[in-house]
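Each structure below is given as structure tokens.
Two complexes come next, and they have one chain in common, subunit A, joined by subunit B in the first and subunit C in the second.
On to the complex of A and B.
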């Protein structure tokens, strides 16, 4: 039985809205459109809605699991599967979160290299960014939450820039609706997954919520808000690009910014990408906080030590990924694993925990 | 201990921020326009225009011309001649000679859409004649690139030309049921004029629309809020707002398309016989309806024989068909029936009767 977390480390239930939303909205937003349109074409906006629905279902499951357990995922794993197998599962989860972080940071650096500074060194940017991450995360979970709050609120104005492409949008592109088979839509729904990943960190930070039962609706709202943002972005992009054009556009959202013209700024991408640091930072902070917390729970080391070790690993791996192909490969693999974790493992854990609970009640 | 390390690292990183190559505006040449001429197969002649801001506040242009096989190579070759680095960040216009456009321009345009430094609001146009000649002409106290793009912008705002930028060109190019088109310019007596529309089959310039058909083409291709039309010889009508609506019948077999065109206008000039106002409106409306319809149908017939689709009929049919077969449509396109219905409403005729 772990000791309860002191109240001064807890956060209010409504902040879960920002935590869930900020970790879901990440690097995927900049270029998810062409991946989801690959199989379902311009019917893929249905997939966005469908996966938004699935995410809410999964959040409901997570809350059900967490309410029955007494601690974070590592504790639940131990209670359900025993020390060794449970520990193995937890370790896998921690490693997954670590790679999630690497993917986000490395992809963002790639964006900077392609769009702003081709000469920038991966190690230099990683170093600066990771020191910042260290600073935030070592402030504890409350600081991370604060970062998430800012990471949602401050970049919200970027949504206004979607006004500009509307001048050129042709929503006839979306017709005829439902011109693809159910199978194609299902594949597209799977491809949407990467954009929604991250909310599984709930498994780690659930014990840090004050009156966690009350936070469930906020988690759902957060996920709904994510769905809404993705839906709007998808529909605008589908109107703005013709289908084959989108297939060749690597960063569809960023390319939309190329049309933005304002009297005081010639290239909006520069402002957009710079603002995007605020979206990426909480993303990285929350996932690295979660995985360092996991290491602490697993190996009994100080979270501070775990954090430094993880940051060093991220830094090294980041520098080893040198080109577009490897970054792309990392993205594909992490999104695949993430997809299976959320759609297979969460329901699996849900069922096990239900059975476990029933059995224990009888006993 | 750790704290000192962190402080040290933060200090180092604050220095590191200066490590990216700086680009100082005064040391750069920002080209405003680029033009391409055809030399031989796989060989193009590029001309770049760079505005020069003179100390006496006047503006002139400097041009660089180079022959190369790739358009990026051309820019690098220019650098060898220029005292300052040439950057494309403020490029606003790209011109193609009609001869080059006839050989296809996709590779050149693709280079611009790939470049993150270039806005997708970039204007594209075809020049009837030699591009170099147009770009090396000095137009009063104005940079040539800016001058030519202002001519295009002005005419677009006036409703004379449909709006076309790099994004829209690419949109049409990649779209399955549509072919792109661009404005056609001409240099006459040292003046740049809009002489019509250049029609493309995919990326190849195949035909043009003359100035006299420009109004009809514009109202057919987009919801237009401006533009003027000469009815017969005695009346000039200004378009206040036109709408087009497509009706497609028999989608499953041979589609039949009806374009409903609604034009609201006012009479700007009428030099015919003085007759009662109501009667005159009616007469002008009827004449204009008849003329526009005739012109439009003739134009569409021409598109069909050329197998090009700048008005996007394919797109209209595609968005109404399940399991659309592009190939079947392409085979069918020259033979389908397209009707144009024009409805003109004259609302005013000025402040003096």
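On to the complex of A and C.
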């Protein structure tokens, strides 16, 4: 049943670096500092590191699962749990990815509303953005990957702006290290997890990688790069903000950009947010590509049709989410589900697949 | 001699007319009677009868045109019949090398005829299609027997055309000064002379149901990826169109995405550039009647590299390329950024700069977008007017437009000073693109950016940029990615993209082309390391 993907649709192994990195770095970067500092305070950078480590472990598990299977997650689900239960799991995965997309897009619109255009019409912006998404995804996985690649490379210059807050930073804030309990750190780690979400799309695009075994190190590098970016950002923010300020700053990264001053540019956050379109787009494209691919595998419809249907759903839901609280609620819920998917479900699937293959070998 | 010819000409014209009327009125009868006269052809098969009718049909069709000449020498011993198209034949060759030599000799067979004539290209055939084609390509048809399909065709083409001149579109200060002309054969000559190797292959295809345009596909056999050649030939063969006037027709018809504003084949008028890319392993298309060759597969970056880059030292060339790329970016983004910033993001600009901007805009009654569109339109008008006028008047237009209108518009407070500077710079920057077609594209894509900037400021700008990026990612040239070496990222091909590294590091041909011989030279052999003072 699983058909090999034609070679001209495959992507080089090293591009997995950009795929993993681009989907992990998303809307979370703009304001994750407040969440992680809530429980662990200035020690939260340890949580960032810790979860970076966990993510790498999970990627290792994903690769182990995928190497044994012959296809994407839907095929593996079917092999492990049978058509109906497996299909149910896959459907859940697809729906989760769909909501992940909605959250990212809606939150980004929220950022634009708060920081740039309070009057912007949600439906208009969603419409244009989704047309753009359609244009990317209908170009196939290679186009999606290309967008991921450029979505990582082009906005890289934003990292340079972290130089400016250093002038005002006080890194003694970080001392003393480890003055929080292990439990607090654990909670903080859980909160960190939300910023790392997205790499589970590996389950879908794994068959589209040329020589997938070779890509594993690139996936790890991608995740490590994400960890590095978060770590640097965390440390700089912790040096820049006091703990009290941090608790009251929703979009800490954006607030940092406020003080960037160059001879020809002030108020850098406008440029930052605009550039962030380039970061958000691959995020949305990759998850929509994954979920539409999932729908195709599950129901046997054309991916093109699935894509259009999903985009319409996103558009409608986006328009229905009118106030800040509902966006927040969506964020929290999707993050929680995402968290449980990655830290509970992936190990679970890993163990099942290991057992399955041992049994099959004996048989 | 000429007099003789003219006399004959008149006679033949008269006889033509009479023949024509005869044939058209009572063609069957006359043919039958003619046939009965001929003892030789009494045993002809049906097929050849049909084809003979075809030949006479063709001849009668041709005879309707006044530049077609058909006559016999009326020599009882040695009769022959000559037909040709006056407008296509070089009369001098006809007289000196054909008529003078066969007029008085007793010639019985076509082989003898072939021996007698001094023209090197003589074809003896009875294929109707071929005869028609050759006559319409400047061949003189000589028949020993008017009723027979058999005939000899001697090349006596009249070659009129422009002389080879210096390149005007892709001018370069240093380097070769030859450029292509309209004649395909001259162009092929220019290329062949630069690549005197047997591996340079030329495949000719005929395209266009009316124009019958000769299209030549060139490649170097041992280097090129056969797939590219096949793609090109296949696509050219698939063209269904009545006229192919210029290579631009072909370029548009065989483009991967015909709805893209971007040219997907590089066009050049420089034979040196063509020779250069052939050696890289690309495929070149030449079209008879067009002074522009097409090169494929190509990449976006290649459109911003001038062939002059290879004549300059690599540092200079690299800097020029970067300046060109910067210029393009500037010319696309400067006015949309102006619109975005002045309309929505005043806060972005530092106070000192703001003062300048506000004073220059204080008297302008229009919103920025109108101001920009007004000025951009003015610039486009100037360009368009300049392009349609002769060079010298064009310059005047530039001065009148640029200085008079510009200054007047600012003084009348219709546009701001700052914007005038930006628009003028942007226009200037867009001229640095070496390839004219890409130049036009850049002119065009500025406008969607303006609209998006007006809509959502900087966010709109980046959104539009994303559309552009996706379009470029999806675009292919002869099936090869257009955005290479950026995406898919190929480090090795970056040696000749944004910058041009020295020739010593150009040992590999572009990976994009998947050439049969990836190495230009053996780098190890070329580079022997020497110690100091040795």
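Operating definition for what follows: the second predicted complex is superposed on the first by the 363 of 363 C-alpha atoms of A that agree within 3 Å, B and C clash if a C-alpha of one lies under 4 Å from a C-alpha of the other, contacts with A are read in each partner's own complex, and residues count from 1 in each chain.
Just so it is clear, a contact is a pair of C-beta atoms (placed from the backbone, for glycine too) under 8 Å apart; a residue touches a chain by one contact, two chains touch by 3 or more.
Just so we're clear, the structure is a prediction, and the values are computed from it rather than from any experiment.
Peer 1: Once the structures are superposed on A, label A:267 by its partner contacts, choosing first (subunit B), second (subunit C), both or neither.
Peer 2: A:267 sits against subunit B and subunit C alike.
Peer 1: For A:355 in the superposed arrangement: first (subunit B), second (subunit C), both or neither?
Peer 2: Touch status of A:355: no partner.
Peer 1: Thinking of the overlay built on chain A, is A:115 touched by subunit B (first), by subunit C (second), by both, or by neither?
Peer 2: A:115 contacts subunit B only, not subunit C.
Peer 1: Considering only the touch criterion stated at the top, classify A:128 as touching first (subunit B), second (subunit C), both, or neither.
Peer 2: both
Peer 1: Quick check for you: in the superposed arrangement, does A:149 touch first (subunit B), second (subunit C), both or neither?
Peer 2: Second partner only, subunit C.
Peer 1: For A:281, select first, second, both or neither according to whether it touches subunit B, subunit C, the two together, or no partner.
Peer 2: After superposition on chain A, A:281 lies in contact with subunit C alone.
Peer 1: Applying the touch criterion given at the start, work out whether A:245 contacts subunit B, subunit C, both or neither, answering first, second, both or neither.
Peer 2: The first partner, subunit B, only.
Peer 1: Applying the touch criterion given at the start, work out whether A:172 contacts subunit B, subunit C, both or neither, answering first, second, both or neither.
Peer 2: Touch partner of A:172: subunit B, not subunit C.
Peer 1: So which positions on subunit A get touched by both subunit B and subunit C?
Peer 2: On subunit A, the residues that contact subunit B in one structure and subunit C in the other are 117, 120, 128, 135, 261, 266-267.
Peer 1: Which residues of subunit C touch subunit A once you look at their complex with the stated criterion?
Peer 2: Going through subunit C, the ones touching subunit A are 344-345, 347-350, 353, 456-459, 461-463, 465-467, 469-471, 473-474, 483, 486-489.
Peer 1: Please name which positions on subunit A make contact with subunit C in the complex.
Peer 2: These residues of subunit A touch subunit C: 11-12, 14-15, 112, 116-117, 120, 125, 128-129, 132, 135-136, 139, 142-143, 146-147, 149-150, 261, 263-267, 270-271, 273-275, 277-278, 281.
Peer 1: If you look only at subunit A, which of its residues touch subunit B in the complex?
Peer 2: Its residues touching subunit B are 114-115, 117, 119-121, 124, 127-128, 131, 134-135, 168, 170, 172-173, 175-176, 179, 240-245, 248, 254-255, 258-259, 261, 266-267, 269.
Peer 1: Where on subunit B is subunit A touching in the complex?
Peer 2: Residues 6, 9-10, 13, 16-17, 19-21, 89-90, 116-121, 167-168, 170-176, 315-316, 319-324.
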